[in-house]
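There are two complexes below, and they share chain A, which is joined by chain B in the first and by chain C in the second.
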Partner chain A sequence: MSRAAAPLQWLTMGLLALGLLGLSPALSLSLLAFGLAVLTALKLREARSLEERRVVALLQLVCAGLLAALRPELAPSLLQGLAILMALAGLLALELGAGPDWKALLRRSLQVLLAALPIALVLFLLLPRLMPFTNFGAGQGMGAMTGLSDSMEPGSIARLAVSRQAAARVAFPLGGEPPPLEQRYWRVLVHERFDGRSWRSAAPTFARPAVGQATPPPPPPAAPGEGIQLWLIEPSGLAAVPWSGSGRPLSADLNLQRSGELLNRAPGSQRRVYALTRTADQPGWRTAPPGPVDLLLPLGENPRLEALAAGWRRLGSDRERLDAASGWFRSQPFRYTLEPGALPRQAPLDHFLFESRLGFCGHYASAFTTLMRAAGVPARVVSGYRGGQWVQPVGGTGYVDLRQADAHAWSEVWLAGEGWRRVDPTAWAAGDPLARPGASGAGIRAGGGPLDWIQQQWWGLDIAWARWWLGYDGEQQQALVARLLGEQRHLLGVVVLLAVAVSLAAGLGGLGWLGRRHRGDPLRLELERTLRAFARQGMAPAAGETLGGFARRLSQRWPSLADPLEAFVANYQQQRFAAAPSRAGRRTAHRLGRVLRRSLRTGNRPAEAVQRDHP
Partner chain B sequence: MPSSPLQPVISAIGEVLLGKEHQVRLALACLLARGHLLIEDLPGMGKTTLAEALARSFGLGFKRVSFTSDLLPADLTGLNVFDPAAASFRFQPGPLFSQVLLADEINRASPRTQSALLEAMAAGRVSVDGTSHPLPRPFLVIATQNGLDQGGTSALPESQLDRFLMRLSLGYPPRQAERALLQGEGLRPDGLSGAFGPEDLLALQDRCDRQHCSTALLDYVLDLLERSRRQPSQAHPLSPRAGLALLAAARAWSLLEGRDHVIPDDVQAVLAAVCEHRMDGGQRGGGEGELSQRLQEGVDGLR
Partner chain C sequence: MDFGRPQQGERVRLRMRNLYILPTRFGWLWLAGTVLLQVVGVQMQSNGTLLLSFLMLSLFLLTLHLTHFNLQGVELACGAPAPGFAGEPVPYPVRLRCPGRSEGVRLRLGGEPPGPALSLAAGEHELAVSWTPPGRGWQRPGLLRIQTTAPLGLFCCWSRWHPQTAQLIYPARRAGPVRLLPAGSAPVVGEPALASHQDGSDDWRDLAPHRPQDSPSRLAWKLLAQGRGEYAKRFLDRPEAAPLLAPEPGVPLETALEHLSERIWSWHGRGLSYGLELNGQSVAPGRGVLHRDQCLTALACCR
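So, the complex of A and B:
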């Protein structure tokens, strides 16, 4: 056992602990990973013998595998890779004897990983998928995270507007420009229930899968040339995820609500990746007719507002009422500010509309929607993100970087014959950040420093990883199989087995080649093999001991081995130190080594067995 | 196992010096490597016997000088005396001009006399009044030194210690050998008749130089030297001369073992004798070789 074994194993433990930090305790599998890691650490603490340390190394590898299933994103994957490298080096330190040092162990460990790469690739590409583990047994309600919430009060978005925290990123990998800045409205939540103070979302309704069907059938893959939008969202605690409002979800666990919310079956307690197609045609939610809830308004709360809207009720069509309301809005001296002061409890919207006239998106959306409902036009508040900075990472796919500061709220108004129309009253107010010349996103954002730049480059890598690695799902796999095998799909099992066998052989061959090239000398190789055979019997050379000295000790322990030992040692020394070693001598070394090891195996049987053989 | 060409000598000396085969082999190796031998021991342990047995085994001329505090350099080297018959000075060689010189209790002499001896050992010649006189070949000095705790001694300077290829300590004989000694079973050294002559010894010395040292072996020796220079103890590091001495002694040992090439086991066999006195600076009289033991354990012996 190398002296590096214990430090390597502790180092692995540290890396695994680091990987555990990012796990959400809401997933039941996380608890399993935590438990396994603690168990492994305890075992490592008490491990003394070679066998125990071996068990520790295997537990560490299982632990890293579990982590890899739970956290497949780029950064955790790198960490897991490092942990596996260290765990393997630790295992090698146990198996390769005292010889190799840290550097040699790590190099060998890397070689082993490289040798495993072909088989991993085959399994990744061809083996049928499990569902992502992150979808199993997700708990509900992660508590308040920074971000949007189900319930929107006029003042609630103000605290987000100064937050630089990352919210989401969206890339358009299969060609296509990002939408123009004025079109970048990313909807998340639709608030339809208004109690006079706050706006709430409707309870989500999931289409239940049929009985006996564990998962809903996978949606058809994106048609060629359709384009996709690839989203990476940070943990939000919400079931609803941002999207552009058009397109079709490409994974089965996304559910498009009638209101136009896109729901994730598991609430976002972890970072998540999902993809949608990017179609220009009208999605269904836009023409889904309003329900009675879209006109509900607690009467008498804001009398001046109701009086104003009552004037517009006389107008013939909803469209005219909308025009009247927007005309009135534009004529008033509203001013955008993030610090409008608290609204009074009595008639808060009256106060905002007719007295203070100071506010931000939440106030405008809330007041405008209320006005429209009071005028008899179905309307609702939508919250999500607006704008976002277009980032073009070096040599990668561009993406829109959304921060919590980009959080926004706007209105949607139902117009007969057209459907839901987006109306953003905030844009009419003086000082709206997006209307400012030169604004890249919501203009509260400070200019990006070098750290920001590095982070944005990293996110670019993250997106590429998500696209090529996480994005390779069951549908993509089926497409690949179809392309490879065509009609011969039933041969998949044979193909997988063959590919596994070939890549295994290639990996092992490469490993052997690397090992031989590294150690070079067959004579030395033979010696090490023989030393390992004796090490398994508990005999290892002492510090500084020569082969001759070691052989003398061995013949004392196993007198029956004296002859083969002497022959082996004499030949070795001859080959190593005499003036003219011969190729034949190296072959002899191999033969003598085999003889010696065989005698060790047979001579090591219990004494009576030997006696029975040789009476 | 190939038999040693010198086995007859080893057995013969073994008859005289009972139970000391390893030391006898080391002394022979020292002789074959053209080195000089320092024996450090208490009186009465068989130092003189060993020296005399070595000399007689090869039919070499043997002289013994007891070093005393009043011994002068000229008493060793000899001096020019006036020859009235020839009316000129004639060089009268001293005891140094013998093939084997036993310098008994070298640490009792004055440093000046010690120095004269050591210079002669190093140079193989003696200069008297400007004339250089070559010493006979082969030439072996066996110096003995009492334990330093004994009175009236002046220790050899550190810098002179490595003129000696090896330092040995004979130690007490094993009980069985001492019983034989007491029973009078040991032979007297003068009973030894050499199967070898001085010419054979010179030939053997030349053969020593031709013992093969492979790169693997040189790497081992180099690792030992490097290790001695990096180890954190107070031990003196080994000089390049020490490296040469180690290799020469290992060559001689491999010849004694009956091989034509040197293996790490040979190096280890002579390591303590060659290196201990160079590393401890003469401070630890007759130590158990723990410095060289530690050095040996610090270098991988599996080559």
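So, the complex of A and C:
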């Protein structure tokens, strides 16, 4: 057992503990991981024999595996990878004698890891994926709540905190630009139910698939021309996920609701990555006709509002009513603010529309939607994100960066013949941050400084990680197999076996090569290489001949080689008998040997040519 | 892991036919951990967990070969064993020629506990393996087991071999009565001085101040009576011919031999001369390592 074993195992424990820090205690699996880590630490404390220490290393690996399931993001994954490497090094240290030092141990474990990695990758990439066995754990976790919630009640919020926390990122991996800033509305929730104060969403918080419900077949992959938008969302606690409102989900886990909400029904809502196509066709939800719920309004709550809307009811078409409302909003001195103060419990919307005229997106969307309903136009509130900064990381895919502060609410009204039309009443108010002149996407956060820049680059990496690593699922795996094998899918088993055998042989060969490479005295190796070069010319040292004597014999045959020979021999002997052979001396020997061999080659060619010419 | 047909012969080269390899208990546990992670990975649809599980599986496959390569092609031969005493650990030299680097090699003779794990570089090595011979004479050390679990302890690869070279084992050293026969000859010529400088009781030699531990019979009463203080008389043994050691009659032969073995060892340590008379075979008195070994060999080979 090497002395390095115990410190390495404790170091691994430290790394695992670091990885445990960010876990949400709500998920049963994270409790399991936590318990396992504690048990492993106790076992390590008590372990005396080799067998026990080995079991500790195995427990550490299992712990790292559980952590990998809980924290698949880039930074925790790097930490887990390091912990795995250290656990393996600890295990290696247990088997080796007390000899090897830390550096040799780490190098050896890296070698073993690298040799094993190709086999693991072959299995990982090619073996068909299994679906989850049960829906155990569905809907758990995600303690963090975002700026979005399924209930919107702007009147009770006196002051809206602006959070710079990351909400989501959307990348366009196949190239292409994001929509222009004024078109960037990323819808998440549709609030149809209004009780006079708050707007509620009809969708469940978590999409729970019914027991026994068959898994829908995976949708066909994106056609070449369609383009892809790749989403990476932070935990939100909502089943609904943001999307642009157009395009087709590329995963069977995503379910498009009739209202235009995109629900994620993956168990545990662990998946933070999904892809959609990027088509511009009219999606179905836009033309889905409204229901009675879209006109529901508690009458008598806001009398002045209802009186104003009653005037518009007399107008002929919904379109005219919408124009009237828009004109009225523009004519009033509405101002956008994040600190509007709380609205009274009595007739809150009347107070907002006719007295304070101060509010943020929630106020405008809420009041406008109520007005439209009172005027007889089906309308609903939609919440999601607006805008977002376009970031182009160095050497990566560009992405739109959405923060919690980008959370927004707007309205949708039903217009006969057109379908649901997005109306953003906030844009009519003075001081709307997005409508401010010069507030282009890049301009808003230009003053971030180097830390922001580093964070943006890191998120660019995170996007790439999410795209290539987290996004590799059963469908991707099948697509890869289809690309590799085409029609010959039945050969997959043979191909996997062959690939494993080849990678195993390559790994073993590589390890053997690495082991051999450092064998022997470099000075001696250099001398032997040089002697071989002379042996090819028919000159070999005689039995008992000294190196100096042989060199003299050589310089008699090739007088032009006398100088490099002398330098080489002198350096060899000096290094050979030096008290402490130095690295510089070895390098000199290498250089002199190369010079000598080159002079031998170039010096010989003319001579041979002469011999050939005059036999 | 300890089964399989033991190899015979002066040298043995370990290869496919005489190396055995099986997963250790830890190896099975490792596979169980792999399955557990696979289940978690499938259930959580987590790529990291799946990859780790596959990585553990591929490490399992890889170390199967790495462990085997540790012993593959290793040549075992006996060195020249030095004599030792029965009943106590004796080193037995084993020569190993490794074609490449061999890690975590443990050697074990007979029922002894296995030695420490050794990392051997390519080339020749002579290792001393300890064993405890049960009796005297030319003894073979029994079954040699060579095994390794490096690099990860997932597999145990082992082989068994009966080394052919016997080791001379002297009788165990046990204190006891020994018969002393007067030697036929005088002390070794030229070296009488050392033996004669022993304190004894034959000749009065000197006076020394009396010490409490001196016997009262040694007290110089005459001087004490004269009031000149307490003095003890010092006596000297007369130089005597070196004795011949022989087995004590009435003691079983093996026990007597063990007593002789101890006596020879201790007298050699004190620099005394002695000879040996054993079953009609006799060794003339003498001193020195060669003489000691000659006597001990005679004991070991006594019938």
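The rule is short, and it goes like this: the second predicted complex is superposed on the first by the 460 of 615 C-alpha atoms of A that agree within 3 Å, B and C clash if a C-alpha of one lies under 4 Å from a C-alpha of the other, contacts with A are read in each partner's own complex, and residues count from 1 in each chain.
One rule holds for everything that comes next: a residue touches a chain if its C-beta (ideal position, glycine included) is under 8 Å from a C-beta of that chain, and two chains touch if they have at least 3 such contacts.
Small disclaimer: the values here were computed from a predicted structure and weren't measured.
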After lining up the shared chain so the two structures overlap, which partner does A:Tyr472 touch, if you call chain B first and chain C second: first, second, both or neither? second
Given the touch rule stated above, what does A:Arg576 touch, chain B (first), chain C (second), both, or neither? first
Of chain B and chain C, the partner touching more residues of chain A is C
According to the stated criteria, A:Gly549 is in contact with first (chain B), second (chain C), both, or neither; which is it? first
In the superposed arrangement, does A:Gln80 touch chain B (first), chain C (second), both or neither? second
Quick check on the superposed pair: does A:Leu592 touch chain B, chain C, both, or neither? Answer first, second, both or neither. neither
With the two structures laid over each other on chain A, which partner does A:Leu504 touch: chain B (first), chain C (second), both, or neither? second
Let me check the overlay on chain A: which residues of chain A are in contact with chain B and also with chain C? none
Considering the complex alone, what residue numbers of chain A touch chain C? 1, 29, 50-51, 54-55, 58, 61-62, 64-66, 68-70, 72, 77, 80, 84, 88, 91-92, 94-97, 99-100, 108, 112-113, 115-121, 123-124, 127, 129-134, 136-137, 266-268, 270-271, 469-470, 472-473, 500, 503-504, 507-508, 511-512, 515-516, 519
Which residues, counting only chain A, touch chain B once they are in their complex? 527, 531, 541-550, 573, 576-579
Going by the contact rule set out above, which residues of chain B touch chain A in the complex? 212-214, 216-217, 260-265, 268, 296-303
Residue numbers on chain C that touch chain A, as the complex places them: 25-26, 29-30, 33, 36-37, 39-59, 61-63, 65-66, 69, 100-101, 103-104, 116-119, 122, 149-153
